[in-house]
Structure formats: C-alpha cells, structure tokens
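You will see chain A twice below: alongside chain B first, and alongside chain C after that.
Up next, the complex of A and B:
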C-alpha cells in the first residue's frame, strides 16, 4: 500500500509545507499543541478532523488519550472533566451533533473550562443536509464561548494555536470554538505552512489550571448547587472574563506574528480593498473567496467596493467595527444563517452589526442584510454583484429592503 | 491575469475514492514543483461512501495565487481542461448523489480539451458510449481494466501513476513529466511506479472526437421547484405503487411495474447488469425479494424483468438465483440501451436467447467485490502486465 504521509519539504527552522485539508490542518495544530485528551464522535464534516487525529495517534506521531464517546453529549462532558483536572483538551462536532451536546456546551464556560473545539459548520436538521450554515455554532453565542470563523486551511491551523493560547490564559479560562465551513475548508487540500515544534513551544505555554485545578493536592469542589444569592455574581465573573478577551486576543496575535512571521493584521476582522471603498460587504467564513473575486471584477468596472470579513464573532469588536464602518456610505452583510422573527427578520450577523453601529458617535451607514448560501449553496459572483447593486442603491439614499434572500429559487 | 487549469477525476464511490484522491493530490503537488499553486478537493455534494455511485474530485492549478482564487470562488469548475474517467462505464453519463440529473461525461470538458479514460475498449466504442456535443474534444486512453478496491483497502495496481503520466503527456503546460516523476517518487517512494508513469506517458493513445460523434440521446434532466411550489414541513409525496405491465404480443395486462423516483434514477451507479433467461426461470421470487433497489418488474406471467432505469448493478439477484445461468451479471460496456429484456424475449425468443448466450460468453471478470483470497494480488499482477505491454 502507498504511504499515507503527506509530501513535505523541509524548510529552515523546521517549518515545512504540506498539501493538506483544513481539517488536517487542525489535527496538525492539535499535534503541535501536544493536546492531552481528545474525544470524538463522528458527524460530517467535523469527522474528518477526528479521522486525521486518529491516524496521527495510530501512526505513533501523536501521544494523547483518544476517546470515542457514545454521543456528542458525553464527548463534550469528558473533555470538560479532563480540562478540570489539568489536561489540554480538544473536541468538535457539526450541526445537530453540536446541538445534541448543548447541555455540556452551556456548563463549559460557566465552569471556566478552556476547551478548544472545531465546529465544522453544517446545516441543522431537518432536512439532513451537510452543507454549510452558521446557525450551529451561533447557537452558543450568548453563553460565554469565544467564537471565531476562519476562511483558509492556514488560518484554521494558526487559529487553533491562538485559541489555546487565549482560552488557557488564566485571565480568560473560557472555551473557544473554531468554525470551519464544511466542504470549502474541511475537504479541500491546499499547500500550507506547518510551523516547527520549537516555534509552537515558544508561543504556547503549558496549560496551567493553577488555583482551579481539581486535584487531591488542591482540594476544591467544582459546580456546587447555588441559588439566586450567587448566580448574578457568577455571571458577572464570566462577563469580566469575556471583556478581557479583547486584550488577550490582541496580545496573542501580536506574539503570533513575532514568532511565526505571519501577520493577520487586525485580529477581529479583515479588511479587503477598503481604503478607497464607497460601500463594503461583510460576512464570515469562506464566502470571502467569491466575494473577493467579485470585488476585483467589479472594481475593473469602476465600482469601489470593499469587504470586511468578521473573524471573531465572540468577542465582537463593536467599537472598532463601528469606527471602521463609519468610513463607508453603506454596508451589506451576507449572513450564512437565519434568525426567524428577529428584528427585520434578518440574519444574526446583520443584526449584530446594526447593534454595534447604533450607539456610536460616528456616521451610521445604512446596513442591509442578505441571506445567502444556506445549506452549503454556492455564493456565486453574480449573487455578490446583485448584493452590491442593492447596497449602492442604499448608499444613494434609495430605500431597499432590510433583508433580502439571494440565490433562492423564487 | 494568469492562467487557470482545472482537472476533474470522475470515479466510483468507495471502489475508487483513494485512487481519485491520489490522482488529484499528485497533480497539485507536481504543479507546485513546477512553480504553480493549486488545490485538490472532492465535490462535497457527492457521497463517495456509497458503493459505485459516481463522484468527482477536482484539481485546480493556476500560474499565480490570485488566479487560483478565481478558480476557488466556484463550488466546482464550470469547465475543465481534462476530464479523467477512471472507469469506462462512466462514459455513459454521471448521476451523482446530489440529484443533478444525468450529466454527460464530457459535459465540463472544454472545447479541444481531453477526456482520459482507463479502459480495455477501443476508442470507437468509448466515443459511442459518451454523449455527443457541439464542440470537438480529444479522447486519450490509458489501457487497463477497471481498478476497483474497497473502503479499507487500496489495490496498488499503478492505475494512479499511469493516469498521472498521461496527464503530463496531454497537457505539459499543466505539469511536466519531470515534476510528475519527482512527485511520484516523493509520494510513493517506488521507482517502479515512476517507470509505469513514464511508460504511460510514452504510450497513451489519443483520438479527436468530432462534433456530433457519440450517443445522440438527450440526457434526462429536470427543473428544481421554486420555494413556494414545494410542500411545507419537509414533506414529500410517496412514490405511487405502480401499474400493471402490458405484454407486447398478447396485450394482456398483469403483474406490476412499481413507479420509481422520476428525478433520481441511480442507474449510472451500475458497472455490470443482470441478463435473465426467462425460459429457465422457476419464478422462485428470490431476485425480486432481495433486490435492494426494487428494480424487478413483475410480468403478467409472473416472470421478473430487471428494469435498467432502476438497477444499480449490485449482483445480489445473480447471487440468490438458484438456477444456473438464469440471472448472470455482464459488464455494462456490453450494452447500448436500457430497454426491457422481457419485451425483447416476448417478441423474438430465439433471437433473445442467442443474444443472451453471446452476452454470457463474453462476460468479463466481476467489476467489484472480493471473490477469493488473494484476488487483489492476482489482479495487481495482471494490471502490471498490461502496464508493461500496453
């Protein structure tokens, strides 16, 4: 049988290039982060990560406890407990698998567990589609999870390392989910830079649970029953921890750039061709590819369009974003999710962007919402052009619907 | 603006998943050696974990990163420079799990592009199997029998590298033979595989297919409904039970032909089909009961006619039939249409039996499944022989 090892080229300092998928990139990041306990339960597209980790373990390239649970609820409970006793943990799921773990997902931030997991974004059932939709990960947006969306295999790898660094910081101790669009990211092989172990060791300190370590030498009880005399104060602590994430994420990105020599600019959102833009589009995840290509084409026709890709949804960099968006005449937010019955019946991100703009002192451009690419439907270049057309109309003061469905058979 | 290259690898689920991945991956790695970035991916709407179902892998390569991004901006390429069909029966058309209707094998092949087929058949036969089109394309044949393996095993019979060698020949600007050889050595660490690729490079045959040449049938297709035309609550009507069958000679009505899904026919999953001897059939019902796809129509006289619009070619009917040579699986390449065998037999039983015996005599080795211990070792030997001689 042919060898399964990816083709590699040795680079200086032990960095290497490999042709791997976004899922493999996360598995490699777990290997480099020397994760101690990993739990698995298959659901497409997350299952590709567990498969690659299983391969690394069985090939003797990774040393960890690899536990296949009997369902997602146990899968997330096991790593929660492992993290409480001081293990660096990894977990993940997709779509309804993630929802099945919901009770475990709610207790994890409350107990200040720095779990890192991958959400392979998948449409919720029914119907049983496995294409991308962001409602799965967004379901925990209010609970104290940090949520980041990536758009390339390289960013998936790098963000996993950054997620450990931020989540396990004693000032934070909150879980972090890395959202990867099914198919576009999880199943595409591209050439990625894999950092050296030395670089990772320099960037990522060992997980130290310190005073919260559940251990006979540190006798504590975790999660005793509490009533209304305690709950608000507990919530206020989590609020404070989430407030601190802004600074810690910035620190981590700056250190990442110093050690790995790769820069992501503003950690919270990426700006593309915005310097001279009249209007901008916004979105999360891999729809950035068709949007960027469409923008390059539209610019040839004289339309000054830019793109702002939201990288961190929680924490949500509201002030910075409001400042950024005040430079433009109109904003079009492309949501790969839905929020039925919400204000203006729009998507989740569009609502959050309007929310971020409302109290600010600066100019408040009109924000149009577009629901597009649900269930993994392709976001096409004509779709993006149609969206831009409407955003330009809004910029000229013409009334546009606040929520539009794009790419729908109607 | 740089140049963009796309290659699709059309393969059969489970049996060829690893083969297709090996090919698309090596294209990207070799192009990288030639200084071109690329990506390799499987079509996500496919379900390659199902036996024999047609699926696709793509390799996209560009002369620069920005041009590559233009290629990546599409869910799948709208046109490709090279279509690779690693099973010649796929030339009849491809219906994937994603309900796209039946797509001609050459649908995405650019005008003047190349269809590479692994086959033991002559070019004329493959051209007839593929749908005709308005623009010319090239047909290149890598001589070899169907390379099928299982979910957990890979039959390393050099089909992957022989296809890779052919790609370097067909489109040197995509990837040079030199880069391909280096990649193969790097990936497989086997100089014999490098030699196989080079032999294939030197020996691949190529024919120009003219506009209009090929199967004239319009492949079946359908329109997807609009959102307000669809039933609510993810509810769909059941397929009706079916209707009686009419005898083409006596016009007697009887038996039953179950209605079938009009928009997902699945028959392009088939690499072999059953042929039935209606005169030795004892009407035991086993084929009809055991068929996982309910593909048997019941005739007025209680015989069982395998309906070729529904048969996936699994071979269960042959396995359960208690009568010698009553149900026999024959390679799909031996057939040009999906007509009813029973109707043909009713109209001309002598002619039908002659046709049947001729098909049975020419039936080649089973296309999939383990038959005996050591089968893969034997098949790999045979393929390497072909690779040496072709």
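Up next, the complex of A and C:
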C-alpha cells in the first residue's frame, strides 16, 4: 500500500511537499506527533481522518494503539483514560456524533486531560445534513475546551502540532479541538509543507503528566466526589489554566515560527487587507476563501473592505480584538452557526464580538451579524457583497438590522 | 379495455423519493419489497403501524415507505420505538435499521429492549459493515475481512446477533439472507402477530464496500454465495449460528417462544401488589375506544 502523503517535492532535512486533503493533513500531524492511542467511530466528514490513520497504522508507518469503538461516547472515554495514564491521544467526530460524546466532553477539561480532537464541522440533526455548520464544536465553548478554527489543510496540520504543544503544557492541561469545515476543508486537496520528524521533535516535547499520572507507583484518585467543599476551587483552577492559554499559545506560535520557518502572525486572528480598510467582515473557517475573493473584487471597485478571521475562539482574545476592530467604521460578522433566542437572535460569534467590544475604551464600531452558509450551503461572492453593502450603510450611520440571514430562500 | 398493471407493493412506497440512495446490488431494497409483501399478506392495519429507523443506509427505509415513520438519531431507534409502544400500546411498532446502528452505537438499547420484552419488531439488515460512512469495521464484521479501518483484515471477534438477542430475552429470532425473499416476508408477517420482542436478521450485500474490498464479486455473485452457503436449520441453537467470512450461513427461525411482554408484566405486578385498587388506564382507554 502506498505511503499516505507521497512527496511531490523533497527538501533537505526531510521536509516535503505533498498534495493531500485536510483530513489527511490531520492524520499526518498525528503521525508526526507520534500519538500513542487513537479511537475512532465513523461519521462524516470526520471519518476520513480515521481511515487515513488506519492506513498509517496498518502499514506500520505509525506506532499507536487504534480502536474502532462502538460509538462516540466510548470513543472519547477510551482516550480520556489513556491520557490519564500518560498516553498522547487523538480523537475526533462531527455533528451529532460529537454531541453524543457530550458527557465525556464535559469531564475531559474538568479532569485536565490534554486530549486533542478534530471536529469535522457538520450540521446538527435534525433535519439530517452532511454540510458544515459550527454549532457542533461551539456546544463545548463554556466547558474549558480550547477551540480553534482553521481554513486550510496547512493550518490544520500546523494547528494539530500546536494543539499538542499547548494542551500538554503543564501550565495548561486542557483539551483542544481543531475545527475543520466539513467537505470544504476535510475533503479538499492542496499542496502542503510537511515538516520533518526532527523539527516536530524539537517543537513538541513528550507528554509528561508528572504528579497527575495515574500509575500504581503514584496512587491518586481521579475524579473523586468533591461536592460544595471543593468544586468552586477546582473550577477556579480550570479558569486559571484557561487564562494562561493566551501566553502559552503565543509562546507556541513563536517557537513554531523559529523551528518551522513559517509564521501565522497574530495567533488569535488573521487580518486580511485591513491596513486601509473602512469596514471589515469577520468569520471563522473556510468562508475566508469566498470572502477574500469578494474583497479583492470589491477593492477593484474602490471599496476599502478588510477581513478578520478568528482563529482561536477559546481562548477568545477579547482585548486584542477590540483594539483591532476600533480602527474600523463598522464590522460585519458572518456566522456559520445560530444561537436561537440569544441577544438580537444572532450568531454565536457576533454575540462574542459585541461582548468583547463593550467594556473597552476607545471607539466602538457598530457590529452587524449575518447568518450565512448553514447546512453546508455555499457562502457566495454575491452574499459577501450584500453583507458588505449593509455594513457600509451602518458605517454611514444608517440603521441596519442587527441580525440578517443571507442566502436564504424565501 | 386494457388496464395498466401496478406493482402491488407500490402503494407502500414514496415513489417521489426514488431513486433511492442504495447502490446497485445492495439488498436493502429487496428487504423493503419483502416488508411490503408481508404487510399485504398479513393484513396489518396500516393506521396502527409505525416504522422507526436509525442512521445508516438501512436507516433511510423510514423515508421511503408511505407509512408513519421516524428517522431517529444514530442508535436511538429502539428507545424511540419503546416510547412509542408504551405511549400507544395498540400500535404495531417496527424498528427497521442496520447492524451498525442496532448493535454498535445502539447495542445497549437492543439488549435491554429484549430483556424487558418490549413488544416491538426489530428488522436488522446486516451488511457486516458500516456502509454509509465508507466501510469501517462494525461489531458484526467477521474476522479476516478487509475494511477501511482494517486494511489487512479484521481480528476482533464479531457479534452473533441471534445468540445475543436470544440470551437477552427475545421471544422470536430468525435469520435470512436477501436470497430468501419468501422466507423473509413470511417471518415478517409472523412477527406482526407475535407479541413481545421479535428480531429478524437479514444478511444483505454491500457490493460497494464489503464484497468489492474482499474480492467477493458484485450483488449477483453475493446472491450465488448466499444460495450456495446458506443452510436452513430451523430451531437450531443460536450458539451455533455465528458468521465467518467464507463459511456456511445458518438461516431459519431459531427461536419462537412465549413469555409475558413488558406491559403485561407491569400490569400483572400492579394487580398482584394493589389488587382491586389498581386501575389499568390503558385497558380502560382501549375499552372506551372500542378496541
């Protein structure tokens, strides 16, 4: 059987370029990270990752324990416990599969387990749909998971390595989920730079659970009943760990640049054509592609539009983002998710952005929310133009609805 | 005057949803045909019939039959059906789902519904694999089979589903292959009239993901395989009907026994504990409605 990611071009030192999908990129990252235990249960679009990993394991190219569990609930429980005994673990799911694992997803951050997961974003049932929506991963946003959204196969690979580095840092010990838009990213091929094993070894130290290791020589009880005596203090420890992620993520990105020679700039959000922008659009994941294309077209017509792509949703870099957004006359947030009954009935990201802006000093641009591309529907260039038009109106002081559904058949 | 002949099963199908998602050579459509014939033959009251499916290729059955149906979340067909039956005991509740849905992610529900002897009829189309998601190893996949998660062959033991559900308490257990269309229809018609937890396993080809990867030919080749390897052994001990990759397929009606179903046991216990003070609301309701 052929190697998973054959090189299109090889560089000195073992780096190579390969044409692979977003899912393959995650599998290759797991191989490079030398993950010890991986569990799987099929659900589209995540299942492509488990198949690529199965191939690597079967071919002897990856030394890890690999089990197809009988459902997502067991799948996430198995790796959680493997992590408690010191194994580096990987897991993943999509849509309702991720939701079925919710009990395990709840206890994982509470027990300070540095599990790394891939969420192949998929619309929740019902009605059934295979296409992308972000409500699956967002469902754990308050529980202590670090959540990052990527928009390319390269970023998926790199973020997986960074996720291990941050999650397994002794100051953190929190799980991290890497969200990849179903189909648009998981199933699309692109040319990727695959780093060498030496580079990864330098970047990623072995997982060391130290005094928290569940081992016969270190008798501890994991998850004892604590009740009101200690629960608040334990929650506070989780809070403190999440607060530390801002600094540890910055460290990891700086080291990443030093070792791999590629930079992402600001780890928390990407700015595109914002230097002279009047207004900006915001969003997460692969909608960056149509948005960037539309922006380039609109700029030819003289509209100074920029784009801010949120890369880390948890932790949420509120202060930095507020500072960034205060430079613009208006902001349009495109949500590939929904939050029924929320303030202004908007999307999740729009609500978070308004929240981030509220306490800051400085200028507060109007923030409009746009719900678009649900269930895997494409976010089109005309959609983006329509959104931009409304954002410009808001910038000129004209009253606009705070939440609009774009690309809806009516 | 000439008349245009109509397939007698058509009234049971939502033809506007056709063509189906099922691949050429897949056996699920055959089982639906058998199901429609069983409905005709048994004269089941369609107003009191509900079909519940889970997720997967077989899970799509709920959308193709012109009957009251529900397409539940993955693995949850049996709990949904249990709720349906308890809330409305006069319904004939059929769970129509695949091996992955029923025995993997829904495996716990399967054994507990059999243990309680919930009066539901479970039709399990077993293609020995998770087909819809790309042919991963399922708990029913026999050993030494090539799957997308075991490219060099499976090694973890597979469930013998008739043995499992018999041990858990099912009152009717049969297995056929999609080659045995008459026997399938007959078993289905039988279970409509049999009170308690009934289980029919139907082996079905997945030429796209199982037979192809294992060099076992197409749908027609699988029919020949079923024909040559099936041995009808009614009443045989279910401990002897486990499936292997190339071995014989023991088919037949293995279990047909009687024991009180869940609602009857509940009724009897309340009568024993409360005597005359117990009022069976369900019986009273049925009496009022003249059922």
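Remarks
Note that in this section the second predicted complex is superposed on the first by the 402 of 410 C-alpha atoms of A that agree within 3 Å, B and C clash if a C-alpha of one lies under 4 Å from a C-alpha of the other, contacts with A are read in each partner's own complex, and residues count from 1 in each chain.
One rule holds in what follows: a contact is a pair of C-beta atoms (placed from the backbone, for glycine too) under 8 Å apart; a residue touches a chain by one contact, two chains touch by 3 or more.
Keep in mind that what you see is a predicted model, and the values were worked out from it rather than measured.
For the composite obtained by overlaying on chain A, chain B and chain C cannot both be accommodated without a clash. Of the two partner chains placed by superposition, only chain C is touched by A:70; chain B is not.
Once the two structures are overlaid, the count of chain A residues touched is higher for B than for its counterpart among chain B and chain C.
Once the two complexes are overlaid on the shared chain, A:365 sits clear of chain B and of chain C alike.
In the superposed model, A:19 makes contact with chain B only, not with chain C. Look at A:351: by the touch rule set out above, it reaches neither chain B nor chain C. Contacts of A:120 after superposition on the shared chain: neither chain B nor chain C is touched.
After overlaying the two complexes on the shared chain, residue contacts for A:131 are found with chain B alone; chain C is out of touch. In the superposed model, A:187 lies in contact with chain B only, and not with chain C. Superposing the two complexes on chain A places one of the chain B stretches 5-13, 131-139, 293-301 or 347-355 into chain C: stretch 293-301.
Of the residues of chain A, those at positions 1, 126 touch chain B in one of the two structures and chain C in the other. Against chain A, in their complex, chain C makes its touches with residues 55, 71, 73-75, 104-105, 107, 130, 133-134, 136-137, 139, 148-152. Chain contact summary for the complex, chain A toward chain C: residues 1, 40-44, 47-48, 50-51, 54-55, 58-59, 66, 68, 70-72, 96-97, 100, 125-126, 128.
Within the complex, the chain A residues that touch chain B are 1-3, 7, 19, 21, 45, 126-127, 130-131, 182-184, 187-191, 289-290, 292-294, 296, 376, 378, 380-381, 408-410.
Within the complex, the chain B residues that touch chain A are 22, 24-25, 28-29, 32, 37-42, 44-45, 66, 69-70, 72-75, 153-154, 156, 160, 183, 186-189, 224-228, 234.
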